[in-house]
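The structure's right below; bear with me while I get my questions together.
Naming follows writing order (A, B, C and D), and every chain is counted from residue 1.
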């Protein structure tokens, strides 16, 4: 079989080269879009080609190395790429959805003056994501990890004139940075314990070293490492403790939100846990924690999405809750279904974001859904794609979303966590409700704003392809099944089988009833006001972190602005000046005082002698 | 003789530059440039013969070793020697000399001859510090490099230049005097123990002294280097010196003078007092960590751009201190790498601050803002170097900080976790720097005559970007250069294991 | 035979009286006089000491020192008086407390 | 007549010649030449006597060390003499008498430096003090000089009285006036022990006054400011050198180091004068008062040499190394001081720091010389001052005198501040140009500056020849 490693090496490097070309060259807009979209599209073709080749074999591994990075005593790290079914799926998603979004944003960003800067950042992002996904050691993964964080910071703060965007970008970067630092500490611990950072070696060595040492294979060191890696994953995938940066990250252009905050970057956390699944097997309590975090986050996201008024924030909170589902799946040990849901989610969430983008593009930057209405006839393509997206999101039967979410719910039951199952069901109900609410409010009812600009051809093309994918994309990739653990889901009771299928219909009818009785836009009754506000602000995590971390830190720094150590040196300065004054007082020119000074010396010396005598 | 030529070149160049001011105002900077370029000549044969593959290490630690008798009575001789560590730092010095020269090209207009004299003499002093192997000669260069820097700050500085220059001089001088006493004590004890009166580092290193007096002597040396490194209790001179110094002087100060502290610890404190430095290690690492956090917190609230960058270098050098006293090969290589990477990224930031000050005549963050609109190229560089200083992987700072942290994690995990929080704080102030200067609304009407970067500035900055990226992606040749010096130190680590 | 310690105490007391005179008096002339007194006190001790030692060690350093001290005192007073005259001519008073133009 | 007396003898003939010349016809240039010739001759003979004079009689000890010190003394006086003519032209007084007193002071210094007997010491002391009074109160109408003269007269008389009283008591106790046999082991206990101690304290008071160490340091600033510039230079170098040599001889020959009390007094006085000297100079504006306070501090540093108990065990703290430290420090300090004073002589109108503003930009050579001299006083490397401080620290460290060393470090940091203030003043932008108008940068002053630079920087960078020479003479 011919060696495809050079082809694999091209995958992350192509977008990098095109980013550099764009950075240093002065090309017209047409050429910029050709380079940008071309490079990502070619990577997509390569990944499809690789998919076709490796379709039959279930466990294949393709590696290639781009050169050594650091090799000191034990720490020898090189730019190694590692392709196996998991990373094949990931690069297909990243490059596929990435290419579509690039195509879409050529139309969306056409009038923007910083066209070149936008596509440079976007290409840089894609190459960083590909490095992250293909890295064979944790340090290169960390490089991709931070690179992705950097590009998301740059893209969120793309329209830098507006103060709000910059603050959102800073917030996003810092929150993910906290997670990254936790992950870095995890890396240090892994290196000191196992002596290597190569991912495959870690899995093997972890099993060899830790599982033997103690009996109930709940080794503290293993769970500590997994906990730290989980910290990184939680930071990047906007899970419970570090999730309130994602809704603010909507300040960036919408294709950016589609690419980064729906399809690719936020899934990095899931990829990290999936990639180190053997390591996580050694720490069942951490796995349970992952499941718990997943459940709480999905409930938080879904409930918050129900009460939002801003179109993009609804989608942001829905992303958080869908990611919660993936974490839940990972937590109960159903890695394959998590990645499968990740794939389908990438398709329909990208579709929803792009459609929302088209909406905002045509309603001259209006975000509030209650100001839109009755756009079904005016923007048919957008409406249809939006409908398909909402259907997939609500996991109506035979959409891509349905297959992946049902699989997750089945796995949760099979793993015996019935409590978590009921929470997941409640989350599914909320999801179906808010997606229906979203669709009815935006597209049905009286038209308030009339769209002025039609989405361009490239935007509609991207929307159509994505709609097709989110309808028929629900094919479970073969290679994933045996790479990661899978639980057999046949022993389900009828209730557990049929409830998830019927649930979306109940939620949609409830939403239809509320829409018909015009209760959606109305202000909430007074006693519910507090709860409504609490849920709307994402369970007040922003306020919580502001009071616990940000303002004390700011106050502490402000208090110490004068650098109290410097005050210590200024004090020395003052005392020496005062001492100078004191001594020069003696110099008052009186001759009799000078004579006295001689006599004083005699007296003092004699007194010292007597003191010496008395002491003996 | 090559090392002495290397030292004499800037000295003579400086004198010539000062003398040539009589004939034409533009001449001094050309002569300064010429003499700096000539300094590279003695190194070229060395660099070309340097085997850059990791396999063949240079046979002995010292690449060039020259010694001439100086004061026979005390057995002091002018002993200069070059090994991997000092070669790296000398390359950094010469490079930063060129960068300082380029930034002072248009900025300094009055008394240029004297300016270039002082600039070149500071560089000569620093080259001397990196080359001197005789402890007395090292001390002489240590003090002598301060005098021209003092003049640089006090003549061409900004509003409070005299206060800042005197504070800088007295701080380092106090440390220097302490070092002089510990130097004499070291030689005295060595003489008592072995009967050889010598100031030569190579002989002193053979039988390091131990005992409680050795602890105090080691402390004397370390405090002198901590003052220069700006570790925490002695750091307050740095902010004033940087804010009041002209751009070229603060580049030399940031890039090179701070490194003499780190170099001193690695070269003198660790090998000469293994016992004492093991006892000192926990306190110094704690000091390093507090320095990281304190520096970052201070940088966060500064309104003056230069003070912000100055406090950020306090935080970065806290990492070097952490790395030096962690006693294993990763941390020490990381410390050396951090010195290089910090040298480049901070001086690049100072070049940018100089360019902003040259154009807008202000360093106050509240008045700056929205530079990206009018000066896209300059702001792009600012973004790059701001990101580099917060430790973005793929650039030099990350590799250094990662190695330091991974090295010190083996010794003191809890301390390293605290230091790792420094990474977050680094992101806090770097983003603040980028946001306050380059993004947001412009607070002043844009007048078209303020030009973006001219070609000279563009070349210096782009070359510094490439060096940082090269450091970040391919640091191996730098690791191969200094293995032997650091190998010795990490041997100490092995018997530390037995101790702790 | 007067024990030497008595002479020692006499000379010490004279010395202290002279010292007090120098410190207490404000007039330059009287300061010079008390200085004279102090030198004479020393002279007494020297002669007594040489007399005391001449019995055993036959050295007359003391008397030679007496001659030296005498000449010193004379020359000193001469210079002193010239300065007194000069001061009077300029300040018309001899109060040294008023001489404090040189001060920090 | 012992051949070693020739230098003093030549100077005496020079003085007599000037007296005779005064009777016939007053001419400034001839007295200048006579004094110059006699000084030069004395210097030559002293140089000739240097390597084979090792006799000593009752009054004088004339070994290699004292001849070196007198050589140093004569060189310092020669340097001051070089600018005397130009300086005297500016004052409207009779010029010739100044040379007369000048020579007499030098003779007094020579006598004092080589004496180890109270009589000769007293003779030299009085000769020097009285001629100093003449030198100080030389300019008639200048009230400040008058006041300084009177102060010096009364204070030096008082000090001599103290020294004499001490000497008398010691004579009574030990029966001999020569320094070497003041050993406390004589059988007869004539006087109670406290009397001996008071005697030593009295002698110390007198000497500490002459050296302006802390308790008795109040006079030196007024004298430097009030006295004419050349006399101040003489006071700073000549009288202090002679007084210190006497103190050193008393303490080492008399083995007074056994008394713990004396060691305590010396170290306390040393530390006090280091700190108070530097603190006094900290914010001082008047240049001459600044030099006075710096001389207090420097003699505080020099006092450390007396604390070095010389047990010959360690090579560093042997007797010869202590004397080397002493001589090296004296050479370094005196040459620097003479340099500073010759610079002040070239800048007649400049009295305070603010007058110095901008000197660097108008007279770079003078400014650079003063700058390097200040750095030498501060002890910055590559200057003679630093080498001296290095010797001192080496000696003190090998004797583990940690308290004094820490005082040395702290006070030299404080001292650094006001030396930097002087340099800083010169770098400031000049207020107005006219103050520098009348500075004559004539050939002679330029060559003198170069000579001083050569001495201070040349020996600072290559001290091996000087340290070799001193090592030989100190045995």
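The rule we apply is simple: a contact is a pair of C-beta atoms (placed from the backbone, for glycine too) under 8 Å apart; a residue touches a chain by one contact, two chains touch by 3 or more.
Keep in mind that what you see is a predicted model, and the values were worked out from it rather than measured.
Taking the definition of touch as given, a chain qualifies here only if it contacts chain A and chain C alike; those chains are D. Averaging Cα coordinates per chain places chain A and chain B 37 Å apart. Between the Cα centres of chain C and chain D there is a gap of 27 Å. Centre-to-centre, using mean CA coordinates, chain A is 78 Å away from chain D.
The geometric centre of chain B is 43 Å away from that of chain D, both derived from CA atoms.
Shown for chain C are the residues that touch two or more other chains, namely 19, 22, 96, 99-104.
Multi-chain contact residues of chain D, defined as those touching 2 or more other chains: 147, 150-151, 154, 158, 221-222, 280, 284, 417.
Along chain A, residues 584, 587, 589, 591, 595 each make contact with two or more other chains.
Looking at which chains touch one another, you get A-B, A-C, A-D, B-D, C-D.
Residues 314-316, 375, 380-382, 386, 390, 393-394, 397-398, 405, 409, 412-413, 416-417, 420-421, 424, 427, 462-464, 467-468, 471 of chain D touch chain B in their complex.
Interface of chain A with chain D (complex): residues 576-577, 579-580, 583-584, 586-587, 589, 591, 593-595, 597-598, 600-602, 604-606, 608-609, 612-613. Those residues of chain D that touch chain C in the complex are listed here as 118-119, 122-123, 126, 130, 133-134, 137, 140, 143-144, 146-151, 153-154, 157-158, 160-161, 164-165, 167-169, 171-172, 175-177, 190-191, 195, 221-222, 225-226, 280, 284, 289. On the chain A side of its complex with chain B, the touching residues are 67-73, 75, 139, 142-143, 146-147, 150, 153, 157, 160-161, 163, 166, 170, 173-174, 177-178, 180-181, 184-185, 187-189, 191-192, 553, 556-558, 560-561, 563, 565-566, 569. By the touch criterion stated above, chain C contacts chain D in their complex at residues 4-5, 8, 11, 15, 18-19, 22, 28, 31, 35, 38-39, 41-42, 45-46, 48-50, 52-53, 56-57, 59, 61-62, 64-65, 68-69, 72, 75-76, 79-80, 83, 86-87, 90, 96, 99-104.
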